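Next up: some structures, all given as structure tokens.
Common to both upcoming complexes is chain A, partnered first by chain B, then by chain C.
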Partner chain A sequence: MKRGLTLAWLLFLASVPLWLDNLYILHVLIMTGIFVIAAMSLNLLLGYTGQLSLGHVAFFGIGAYVSSLTTLGFSVHLLPDWQVSADPKPVWFGMLLGTVVAGLFGWAIGRLAFKVRGAYFVIVTISFAEVIRLVALNWVELTQGPMALNNIPYLRLGIPEVFEVAFLRKPANYYLVLAVGILCYIIIRRLVKSRAGRAMIALRENEPLASSVGVDVTRYLVLATVVSAAMAGAAGTLYAHYVRIVDPDVFLFIYTVTMVIMVISGGKGTLAGPVVGGIIFGLLPEVLRSARVPPEMQWVVYGVLMILVVYFLPQGIVPAVRDWWLSRRAADAPDVPAEATTKAASR
Partner chain B sequence: MDQFLQHVLNALILGGTYALLGIGLTLIFGIMRVVNFAHGELYAFGAYMMYLWVMVLGTNFYLALPLAVLLGVMLGALMEFVLLRKMRGADIDTTMLIMIGAWIALQNTQQLTWTGVAKSIDSPFPTSPLVLGSVSVSWNRLFVFIVALALIGATYVIINRTRLGKAMRATFQDRDTAALMGVDINRIYTATFALGSGLAAAAGALLGPVFVVYPTMGDLASLKAFAIVILGGLGSIPGATIGGFILAFMEELGAGYVSSGYRDAMGFLLIIIILLVKPTGLFAQKERIG
Partner chain C sequence: MLKVEGLTCRYGKVAAVRELSMDVNAGELVSLIGANGAGKTTTLKSISGVLPPASGRITFLGEDITRATPKRILQLGIAHCPEGRRVFPYMSVLENLEMGSYLRSDSAEVAEDMAKLFERFPILHERRNQAAGTLSGGEQQMLAISRALMSRPKLVLFDEPSLGLAPNLVERTFEIIKSIRAQGVTVVMVEQNAYAALELSDRAYVLDQGRVIMTGTGAELLNNPHVKAAYLGA
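And then the complex of A and B:
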């Protein structure tokens, strides 16, 4: 039953470009998909280890910049008379490198930032993202600063001259994002259902207790950060080669906030939560736009919705719906104690 | 050497308003355990109210300043009442998310009301600066510095010399015991949030005429306030005061001798370094949380 539902959902997603001929909506769906991947990666940290990282957009931007620079090539003076240059590399290599470099940054930040917790951790991650943004803005020789990196090549896969798929048009990019999204979903699912995932959840629930029974706190937190950062970086590389222009605005704090809203509203610590939240908050701006709501008003709505979600659905949409579904089922089948089912469902 | 002295003087002047921002934030965190992401919006609100009174309604500059601060106090009290009162027992992440929501909503309301165009506010001060030997300072900045110092002093008096301040300090040390001793916690929380917001609005109202007023001006103010508070240790008022001046010195000297583009990065580098070396801040009264 559940498997069939998943399959039907996937088939529906895969069929979208076949019947949807409005390219603008397809573009919105691609951007939503990219943000869903970023939100899923944030959920690994926020939902499963319980660490609120508000610098997540830094990994997204690092992925985008590394991949763009690798495929465009660059030449930069590290010291006045020491020049480093690189020739353009293929796009798949750039995307891989962007993902890996974002993961490395995740490792470094994890090692450093997990010395502190709570509000301090939040502020370290924000500071990190802001420093990276200012570097992207000011290191003009490398990043072109506010002039942005233009003409970023699109992805081509296959053997040149023989058989090549070009990810230039929207349907191809849609399938690319969908494939990466499914891959990320599977990785996160395997991770959180593994021993490491249980260790992360134990840390979230009670860190002193978890460490007292031998869970290596730093190791699992850093592992989660590396995977999460690499995924956000991958989302960034998808963004760079789809939009094909990258400027320091990819580091804007508001994007982190968007990801956080997606995760919280969908349900942190659930696999489907960021997907549901991501689709709702990815499409909401377009719904508001078609209702001719000015952009500032959209953001006001975002902020108010965020407060309302925290007030009324503190666990998020997915757990709320699941609880409602299970309690209804429990009411239908009286031999199952209702209390036990809801208790099991609340986590 | 003259250049260095000028930087020091600029930093001293800037440090006063930074300290105001930091004290407001550290009060709210220390007493209420709320990480107030909307703090910078109160700063922007103060600046816009100054614009409203001086430029739109044509009120006297010296009258507009206390009016703007008063409106900031009222907005703070309202926010506490509407957003935080029902969330008393909630954990720190939950209230943080509420404040992030409030920040986005407030900032965009301001953008909607005043448009994104930067506004400048006329001030009644002479344009020729005050020259002291080899350094000079504008009269407007000098006024900002003096008022900021006066407000810092007033905050110290409120916290250390009044009944309200005593109740605040008691709540800071132990909320439940304070409640048992008859302190009305709800009243203390509203007063704390209003006071902290008023200080942020005062910083905005003071700096509005020096710089320009624009809707996203609160973002950097928030982040700098966090830097100051972490530097001084969360919940420490002397720490926030000194932290404000340290941040101003780092920014001013960093902009003067390293690169002006990285001026705003100084605060964040400072946060990262402090948290790695001494996570409790320089003057912490309590252990780090979490």
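And then the complex of A and C:
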């Protein structure tokens, strides 16, 4: 039943470019997909280890910048008479490097998380994102600052002049984002269902107890941060080579907030939560636009909807729907013990 | 079996435990009693490695564990049943028990141990799929004790096992602890309920402001006038 539903859902997602002839909406779907990947990565940290990173966009931006600079090439003076240059590299390499570098930054932040938790971790991550944004804005020689990195090449895969897929047009990019999204989903799923995932959940729920049953708290916090950061970086590289222009605005705080909204409203600590939340809050502005809601009202509706979700479904949409579904099923079949629902509610 | 020598623990500049020495023989049930802030909980935390001591030496079965990680100490056979929030509230009873065997890789024997615990505490079996946070206080305590046993410890540290429990459950909890000891597991217990603790214990240490001020068998201390006046309210 569940497997069938997943398959139907995937087939539907895969079929979208075949029947959708509105390229603008396809663009919105691609951007939503990129944000869903970022939200999934944030969920690993926020939902499964309980650490709120309000600088998550930094990893996204680092991925975007590293990948762009690698594929464009650059030349900077690190000291007045010491110049470092790099020739343009293939896009797939840039994307890989962007993901890895974002993961390395995640490692550094994760090590820091060993010392600071809770509110301090939030502040550290905000500051980190802001510092990175200021670097991107002011290191003009490397990043072009507010002039932005332009003409970023698009991804090509295959053997040149024999068989090559160019990810220039929207349908191709849609499939690329979908594939990366599915891959990230599978990675997160495997991770949280593993021993490491159990350890992360344990340390979220009761850290002193987790360490007393032998969970190496630092190790798993760092692991979660690295995977999460690398995934956000991967989303950033997708963004860079799709939009093909990157400026310091990719580090804006509002993008982190958007990711947090997607995770919380969808259901933090659930696999489907950030996907559902991401799709709803990613598409909502467009739905409102097409419903001819005036622009200033769109944000009001957005805000009101969010408040309603948080107020009435504090656990998020996915857990609420699942509880409703399970309780209905339990009502249909009275011999199913009530504890089955409680168990689901606890996850 | 366990030997603590000259243990000093600090929270910042404040010393919570000063030059504390104690030893525990295999198979014994030893209590630490004393007023709030006497350093009982801190001592247990140092032994289990959650709080590394400022100075002193702790050895267990001949191995120096003063600076060992909680993981290593657990592997050597010391399980810690901390006070207060005792369970993982959103995990099921079953998952809580599985966390107790987190470091074990002998899955067949883990399953066997779990079956034994379920036999001993049928209520946990009944509620195995329920979120641990929805259990009553007494059931949570049973779960916490069972979880500690899932690591197959040689020594269990109980921190305030009776805290926040209804009187009949307190009795039940002490009975469980007694039965654990009867199976050959060594027990070190911190308890506010000095009377019950002393009745149960082979030996006890009385702590005051981070120091051991008195030690003896449970019966000796029960009849000691100073202990009676200060801790038993008689």
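Here is the rule we use: the second predicted complex is superposed on the first by the 322 of 347 C-alpha atoms of A that agree within 3 Å, B and C clash if a C-alpha of one lies under 4 Å from a C-alpha of the other, contacts with A are read in each partner's own complex, and residues count from 1 in each chain.
Everything that follows uses one rule, which is that contacts are C-beta pairs under 8 Å (C-beta built on N, C-alpha and C of every residue); 3 or more make two chains touch, one makes a residue touch a chain.
The shown structure was predicted, so the numbers you read here are calculated from the model rather than taken from an experiment.
Enquirer: Which of the two, chain B or chain C, is in touch with more residues of chain A?
Expert: Residues of chain A touched, chain B against chain C: more for B.
Enquirer: Scan A:119 for contacts with chain B and chain C and give back first, second, both or neither.
Expert: So A:119 only meets chain B here.
Enquirer: Go through the superposed model and pick first if A:294 touches only chain B, second if only chain C, both, or neither.
Expert: first
Enquirer: Tell me the contact category for A:137 with respect to chain B and chain C: first, second, both or neither.
Expert: In the superposition, A:137 contacts chain B only.
Enquirer: Would you check which partner chain A:213 touches, where first means chain B only, second means chain C only, and both and neither mean what they say?
Expert: second
Enquirer: Between chain B (first) and chain C (second), which, if any, makes contact with A:92: first, second, both or neither?
Expert: After superposition on chain A, A:92 lies in contact with neither partner.
Enquirer: Who does A:199 touch here: chain B (first), chain C (second), both, or neither?
Expert: Only chain C is touched by A:199; chain B is not.
Enquirer: Please indicate which partner A:303 is in contact with in the superposed arrangement: first for chain B, second for chain C, both, or neither.
Expert: Touch status of A:303: first partner only.
Enquirer: Given the touch rule stated above, what does A:253 touch, chain B (first), chain C (second), both, or neither?
Expert: first
Enquirer: Along chain A, where are the residues that touch chain C in the complex?
Expert: On the chain A side, the touching residues are 195, 198-199, 201-202, 205-206, 208-216, 339-340, 342-343, 345-347.
Enquirer: Would you tell me which residues of chain B are touching chain A in their complex?
Expert: 29, 35, 83, 86, 92-94, 96-98, 100-109, 111-112, 219, 223, 226-227, 230, 234, 259, 261-262, 264-265, 267-269, 271-272, 275-276, 279, 288-290
Enquirer: So in the complex, the part of chain A that touches chain B is made up of which residues?
Expert: Within the complex, chain A contacts chain B at residues 52, 112-113, 115-124, 126-128, 130-131, 134-135, 137-138, 253-254, 257, 260, 264, 294, 296-297, 299-300, 302-307, 310-311, 314.
Enquirer: In their complex, what parts of chain C are in touch with chain A?
Expert: 48, 50, 69-71, 74-75, 79-80, 82, 85-92, 95, 98-100, 102-103, 127, 129-131, 133-134, 147, 151
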